[in-house]
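Below you'll find the structures, each written out as structure tokens.
Look at the two complexes coming up: subunit A is in both, with subunit B in one and subunit C in the other.
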Partner chain A sequence: MNTTKAAGLTRREKYEAQQRRRSLIVAATSTVVVVACIIIFIPMTPGWEKVQRSFFNGDVLADTFPKLLDAFKINLMIFAWSAPAIAILGLLIALARDAKSPALFPLRIFGATFTDVFRGVPVILTVYLIGFGIPGLGLPRPWNSPYIWGSLALILTYAAYVAEIFRSGIDSVHQSQRSAALSLGLSERQVMRDVVLPQAIRNVVPSQMNMLIALQKDVSLLSFIGPVEIFRQAGVFKSLTANFTPYVGAAIIFLIVTIPATRYADYLMAKQMRDRS
Partner chain B sequence: MKKALSIVAMTLMLTSTAVYADDHCAAGQTLTEGKFTIATGNPAYYPWVLDDAPESGQGFEAAVAYAVAAEMGFAAEDVVWVRSSFDEAIQPGAKNFDVNMQQYSITAARDEVVDFSAPYYTAPMAVLVSPGATETAPTLDALRDLKWGAVGSTTAVPKLTSVVQPTSDPLLYGDNADVNAAMSANQIDAALFDLPTALFLSAVMIEGSKVIGQFAPDASDNPDQFGMLLEEGNPLKACVDEALAVLTASGELATIEATWLQDTTGVPLIE
Partner chain C sequence: MSKLSLRGVVKRFGDSTVCDGIDLDVEEGQMVCLIGASGAGKSTLLRCINLLEAVEDGEIFLDGEDIAVPGLNPQGVRARIGMVFQSFNLFPHMTALENAMLAPRRVHGRSRADLVGEVEELFTRFGLADRMHNYPDQLSGGQQQRVAIIRALAMRPEVMLFDEITSALDPQLVGEVLDVLLMLKQQGMTMVLATHEMGFARQAADKVCFLKDGKIIEEGPPEALFDAPQREETKAFLARALK
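Coming up: the complex of A and B.
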């Protein structure tokens, strides 16, 4: 309830307003000093001109940026079909690891082995092994495409991470809820589907957003087995111009996508904290 | 104690400068006085360097390196080898080599950032095809329909897009080994390399593959010429160029080429 004030601000409120002004001024001054130092002192270093020519070359950026944007479509395409597959496979693995029935023990073993292996192996090795290895077995075209098998490598690796996050979400739903639901006559399957999963998935949405952002960058690893996505395209330009600016261009494109996504993940996280408290 | 040290240092300096005659063109211009530091790839590939051991002087580039060093007045034991990636060679700032030799094609854009010596080899581009496509005719029309691959950091990429103009997008890789793997997995039919590399890959690395044709080196507006890479503005360039000019004029460069690089006239020209 807001009470109307009879005679302006109280002494306490005046003091607090003053404190706020003070910290604002201090923050602004320190920021200005730091930024000024960066702007003034870095260009004074002896190698700055060379670094600027190699990394922040306007002409090279203007020449290459449109083609980098074009190559980024390949990233988006791979991302678009990998993300849903990762979500589904990750959830299945999480459920496999949560299987309680003794008869399903092999499933649990499988789930545990899967996450251990694919979380433990560097992504690039998985990409090479599956991207070159499986087509090498003698698959006919177009079934040996690096797009298919490279994507599968990403899907397997990320599903392992995503499964662990789902599992922590499932564990976060208290055992008493399962017991209560079972006592109401729901089957194990219904308990999982209607009681546990809806809460578990909602609990881990912010963490999964972070996985999406990471995936978005790791799509570039497919460039090792052939697809000319943005990272490889930037590398080609780098070699032809002997200039690193195309990588900076690629970084800008990545940031345009990841910064809003990161902010959104932060927002979801903050919202979740508020809802819980 | 300090005095003793400085005397020792002075004597060392005197003796090391005394090794040279004053008219030595590389005097005072190399990274380490009295040593000639050459960078090569990691690994360095056949037939440019044999067995990844440039110190042996075996292989075309290793042999050229020692010939140039000798011409510049360095004894074989004064040649120091280091390894470098392409990126290390073009990064701004001080370099850890005097010259870098790993089949760098001289291009105008690269020349703005680093310096190149005079060319020591002119490499025609050649087409290496997978075992399943060895019957392809060496004509541009026939080549266009193949599934192409290349190493992304080489000048094969612009050549591919401007001259061959394949009907499907080429796949690009990080190094020769990856192109090899993609060809073995039948993901690509053909790949573009400089001719000596193509011949080596077909003979040793990819069973059943074949070099079906080469592009005439002077046909395009940008013949692929290999030069030694130097830091931009390195005064040593004049000295290296002079040595290469002498080697070219005396026919020694041609002899080295004949020794280490296979006769390439047997590969048909692409029409």
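Coming up: the complex of A and C.
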């Protein structure tokens, strides 16, 4: 009789179990060492006490955190109306750039110019130019609101990136799918709508998730033209308390939202890799 | 009048001439097999007939009407000529049934309710009734290819083109697809096949054409072409292919 079988495990299984135990021990030891170093050495730096007081002040955090959460609702609001607008505009720009009919040539030029311009200018500049420039025309209330024009700046910038992602998704659908659909008698438009786009959109979901996460953070740029969202609110508290802890509080709130979203995007990405193999 | 006639069809890709003046007649209800080495122009010829490629020169007559006229809207022609590809090309985001119903719905403007009985009947006839609601990635290669045939048939085409439809299949799955072709032949479908299945061509074809370098070098009934080839090129090809 084979002795390894007696334990209910094959040689391979035993070996792998041993390897797993070893990896676990190594990983745990190295983590403990690194964390211990941080805990021991950082407080030994000369400025640590000051940094701790001004960035990690528990009392200030407790006082300001609820109000920061309130201000974060403004971020969510701006995000909520910008994201769908970006998706729609981005898709339209992508389709415009792929238009083949000569009558639509101006649309193609427009699409190309649009993506070039709004990908080429820093977001903050677009926010400034549109956010200050358009209300400067002397529009009546509520049309001079920085919410409107700030959101528009975000929408235009992000639509340019999102359009390029959609376009790469359209290119990722194999030519043979088009052939098959055309051979059945479908028109170019029907091929795009029924066969290519559904696959293209599915292929780019993980990349677009990453754009959503980036947008969520960039909403804070609107603070530069007026809206008191979380970043600006944290700045107000910093001045009131003469303490930087509110910024750390704001960072924590962002992380609460972005970490699960990032994990989810990574999961989708990994799932897609698995499905393709 | 032949169902399908090609006269002097020329197709070039850049400098290479892939179809070099091809003449071919396919009668109603005939099965014509195109044989020849890879790159001989068989697939391109089929794509030209379905107007997926625009021919440089020559005419293609469907029921006596030239369909290779430059500027003709290809949709109407494609709706009458079905095509099945080597790599199946099912739409992966739709079930088998949805795959088959898409074109009749969009091109003929028919409703799902109107279509479903007829398309289900096709699935039943080809032994896939229990697979209708599966997505392509849940089907074997042979099943996928049969769904692709059903998808083309759902348009009620007058002519079917088959582009090496068994080449991507495991050997044990080839038979089930070839059986479908035999059924279609019995029903009187007009068919043109590009194929490497010499045994099948010999058994089922009404006419076999040997292509080399974009030309039909020799054609005739299968017995004649396989048993008594006239041209040296044909003999050399068959010697290799039948080994």
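Basically, the second predicted complex is superposed on the first by the 270 of 277 C-alpha atoms of A that agree within 3 Å, B and C clash if a C-alpha of one lies under 4 Å from a C-alpha of the other, contacts with A are read in each partner's own complex, and residues count from 1 in each chain.
Assume a contact is a pair of C-beta atoms (placed from the backbone, for glycine too) under 8 Å apart; a residue touches a chain by one contact, two chains touch by 3 or more.
Note that the structure is predicted; figures quoted are calculated from it, not measured.
Chemist: Between subunit B (first) and subunit C (second), which, if any, makes contact with A:S187: first, second, both or neither?
Modeler: Touch status of A:S187: second partner only.
Chemist: Scan A:Q177 for contacts with subunit B and subunit C and give back first, second, both or neither.
Modeler: second
Chemist: Give one of first, second, both or neither to describe whether A:S101 is in contact with subunit B, with subunit C, with both, or with none.
Modeler: In the superposition, A:S101 contacts neither subunit B nor subunit C.
Chemist: Between subunit B and subunit C, pick out the one touching the greater number of residues of subunit A.
Modeler: Looking at subunit B versus subunit C, the one contacting more residues of subunit A is B.
Chemist: Touching A:V228 in the superposition: subunit B (first), subunit C (second), both, neither?
Modeler: First partner only, subunit B.
Chemist: According to the stated criteria, A:Q199 is in contact with first (subunit B), second (subunit C), both, or neither; which is it?
Modeler: A:Q199 sits against subunit C, while subunit B stays out of touch.
Chemist: Mind working out whether A:T45 is in touch with subunit B, subunit C, both or neither, as first, second, both or neither?
Modeler: Touch partners of A:T45: none, neither subunit B nor subunit C.
Chemist: With the touch criterion stated at the top, can you tell me which subunit A residues are shared between the subunit B interface and the subunit C interface?
Modeler: none
Chemist: Applying the document's contact rule, which stretches of subunit B touch subunit A when the two form their complex?
Modeler: 86-87, 90-93, 107, 109-110, 112-114, 147, 149, 152-155, 157-158, 169-174, 178, 181-182, 184-188
Chemist: Any idea which subunit C residues touch subunit A in the complex?
Modeler: So the residues of subunit C touching subunit A come out as 47, 50, 52, 74-76, 78-79, 81-83, 85, 87, 89-93, 102-103, 106-107, 148, 151-152, 155.
Chemist: Can you list the residues on subunit A that touch subunit C in the complex?
Modeler: 176-177, 179-187, 190, 194-195, 198-199, 202
Chemist: Can you list the subunit A residues touching subunit B in their complex?
Modeler: 47, 50-51, 53-55, 128, 132-133, 135-136, 138-139, 141, 144-146, 223-228, 232, 235-236, 238-244
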